[in-house]
């Protein structure tokens, strides 16, 4: 029973929404519209569990004095302050809280977000330096095509030889596109097959346990 | 060198440097920034979920418009909370089944449309565009061969021997050239992001760049 | 020989330091390399340039977080400048929870330059979670996804929104995004609802969208900071904007870092090949 | 060269747009008249939910001179209705000579349409009424027949192979390099006494790549349960977090080690992409896992994770169908499952006949696609007429 009901639900909903795609009638589209809103709402509740996990993880760390435990206070403080300001700030008369929330976002969260992203520039350099070596035929192809594109993107490439941007675009448009399309066919089939497996109840990992 | 007098800018600058310090090695400054980042962004996420999913899709329809239909997904969503119950723990499978059933069902036909049928159309169409002739036709055919070869690399039912091996190898060449190209093309994007940070540090924090 | 072999094992931190210098120096010292618009930038620019003034609004989805601002924010601003200068109406929305603050920052900066009026020349719809679900919801009705604008005012109160129901009434959707959501726009808004879709993406995903450009599913594409810099250039050339070209300046730093990286790759390979030869000799 | 010409054209175009006079103020004395649009045709919008009628018209002859600003569409219940009974139902700018009225009040009732042209100078002229048209809803979208056939064909192929598999027929699947490394990687972590990190992607549960990742997680968790190796599973999506926890718990009890399951090993970090990346980076440098798995959907953080992992000396196995992140995993990881290999992985690892059957179905669908592509190409090259036909049936609606 415990697994039959969810499996039935998946089967029925899966088939229904597969068919719905082909039925343009009013009833069908209305159901579709409402379902989209339901999807958003249902998944929103899981955030409570997730935050529970985060809080629990850090409280435990502090309680047991595990390595680096004092840092957990930073996480907990950030979580409590940000969520309260964000929710309470919307209520009338509490605009000041909303203003603080906005500031914290702009000057605490956003800069760290951007800095983390910027680290990628350095990692691109170290990764390409390490991996772009002519170790094999395949690696050589990776290296040469990467090199040409880097040269082709910048205005400087055209100054060295005016055909370089064209070669770069050729690489992007011909071999690159062929590879992407080939991969995309496979991915499309993989996605469809997995969706089908979920609907038919063959793919049950989400029930917990691999396939029982 | 003139420093900003805005304390918020200082906070942002110091946190930026804390994150960058990770490039040298993991250290207490990074550790602090990382923990704060996780907490603050998780809190922001909570507020966003509340203000943009719960309020407009549950509170407003039910309590303002009295559309009680929306209580149902609300109740289904709340079943997630039974996770810690030993007896009713299985109830979380209901919202999961709803999410998976709907999204799998909605996904199949559009995926077939976009990833298979339309790709077939453009693969054939590009290789045979009328009136192109010359190099365009050659490259069209090369692309076509590349697509077939790449696809053959993902054929799992046979050992890669004989013709399939040749074809799969050609496929791998195309894949490698494609990946090299993507990598090279990404460098610019990543540098752009670093530029943004450097501009912030040198413009807003230390007023060097005007 | 030893020196050559060492080239293949330069410490990460040395590379990091050189990259940092290569970015900082061009920003502090003005270099000013030339720009040359690519064809997809021109196609995008041309499409918006042909839209009639004061008619149905185009829809811009700015879905990115602050970390992608340097690449994508100049794009958003350049397109807004183009639209406001030509009195093309704009609906702005975002599918990223971090988006609203960024959209507002762009609007606060650009709108006053052209005296663009809120509710008449542009509307800010705000953020909605659900990514592709939202795109599909707009296909049914904009009000389905956004009953009210970002500030809680019902869309029905805006005269410019009176005739806007769904994609059939939107001449162009511009997806400025740092994620695969552009694909969502192409597949759902484009394939499912026949909307014209243009995109501005981070340079990382450009390669992904060439198939869509070829198959006509995208009307144009702005490629990262380069695309933004080219759009800024076209705006300035046609007298739509006199603002500082932020992305243009960044492109100089991009050029220098590219050269540095290529140098590293060459050094690494010389070192690798030298090391291999030494190993063969033994 | 070509691009420069195009710029030139655009410059001319926009200059023309700038010099064109703005629509005149209403106080102006009578602007030069404009000719009305020609024949207006109305018909039920096909393949829709009803309450919609499509209207098209011959453009006003003045449009060619660039005098037209746009067209306003009106609807009425009678062709001879007085001016006040025509309801405005839409506006389209010049260049578009069709409109879709999506606010038809009733299906199955006759409505008439008129189109008013508005000139740039403020004049306007209205057309004759259209033919009567009734809106209706359809129960089948005929534009999507190709997708229906393709979907059903695919389902049939897959179901056929699943049935074959269930009948006990042996199904061969070739070795996939990245997956053979899984066992070795778990063993290595055990030897070194270090944990294993598994990131099930950053997307939601409705992303199919996430399901594939959770499937692999189940297999990996069984191995860590067997060897008693600590497992770390950080999550970004709340729902995925919930499922991942169930998957790991179940894997441990299946191996008969429910006691070894640590409730804290599957945990949630944050919803923010980069916040998540910074957290995982911290975990990688502090806990020093011997093996990192990055499976599922990834975005720009892919290289941040993989490069940090490489610097800590971990063995890294990645798998994603995010085409634009594959190059980074390929350069920074030891093994990478490319695209469909991620989906094949669960079948390969689990050796479940039903899953292998699905994989077979995918394979033969691929063969069919290749066959159709080659046939389509050959026929198109022989006869351009056939090309048009082929492209037409492959048009999606």
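Residue numbering begins at 1 within each chain, and the chains themselves are lettered A, B, C and D in the order written.
Criterion: a contact is a pair of C-beta atoms (placed from the backbone, for glycine too) under 8 Å apart; a residue touches a chain by one contact, two chains touch by 3 or more.
This is a predicted model, so every value here is computed, not measured.
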**Request:** Could you see whether B-C or A-D has the larger number of C-beta contact pairs?
**Result:** A-D
**Prompt:** chain B to chain C: how many Å between their CA centres?
**Reply:** 15
**Message:** Quick check: how many Å separate the C-alpha centres of chain A and chain D?
**Reply:** 14
**Asked** Just curious, how far off is chain D from chain C if you go by their C-alpha centres, in Å?
**Response** 19
**Message:** Report the inter-centroid distance (CA atoms only) between chain A and chain B in whole Å.
**Reply:** 4
**Prompt:** Listing for chain D: what residues touch at least two other chains?
**Reply:** 144, 147-148, 151, 154, 205-206, 208, 211, 239, 242-243, 246, 268-275, 278, 286, 300, 323-324, 326, 328, 330-331, 338-340, 344, 359, 366, 369, 396
**Item:** Junction residues of chain C, two or more chains touched
**Value:** 12, 16, 19-20, 23, 36, 65, 67-69, 97-98, 129-130, 191, 202-204, 206-208, 211, 214, 226, 254, 257-258, 261
**Request:** Scan chain B for residues touching two or more other chains and write them down.
**Result:** 19, 22-23, 31, 33-35, 37-42, 44-45, 48-49, 53, 80, 83, 96, 99-100, 102-104, 107-110, 112-114, 116, 118-119, 121-123, 125, 144, 147-148, 151, 154, 175, 178-183, 185-188, 190-191, 193-194, 196-198
**Request:** Sort the chain contact graph into one of these: line, ring, star, complete or other.
**Result:** complete
**Item:** Residues of chain A defined as touching chain B within the complex
**Value:** 2-3, 5-7, 9-18, 20-22, 34-35, 37-49, 51, 54, 68, 71-72, 74-87, 90, 101, 103-124, 128, 137-139, 141-150, 153-154, 168, 170-189, 191-192, 194-196, 198-199, 206-207
**Request:** Would you pull the chain C residues touching chain D in the complex into a rising list?
**Result:** 12, 36-39, 42, 45-46, 49-52, 54-56, 65, 67, 86, 97-98, 163, 165-166, 168-169, 171, 178-180, 191, 202, 204-205, 207-208, 234, 237-240
**Prompt:** Tell me, which parts of chain B touch chain C in their complex?
**Reply:** 23-24, 44-45, 48-49, 52-53, 56, 110, 113-114, 118-119, 121-122, 125-126, 178, 181-182, 185-199, 202, 208-209
**Prompt:** Contact residues on chain A for chain D in the complex?
**Reply:** 18, 21-26, 28-29, 39, 43, 46-51, 53-54, 56-57, 60, 67-68, 109, 112-113, 116-117, 119-120, 123-124, 126-128, 130-132, 142, 180, 183-187, 189-198, 202-203, 205-212
**Asked** Which of the residues in chain A end up touching chain C in this complex?
**Response** 29, 32-33, 36-37, 39-40, 44, 102, 105-106, 109-111, 113-114, 116-118, 121-122, 124-126, 128-130, 132-135, 143, 146-147, 150-151, 153-156, 158, 172-173, 176-177, 180-181, 184
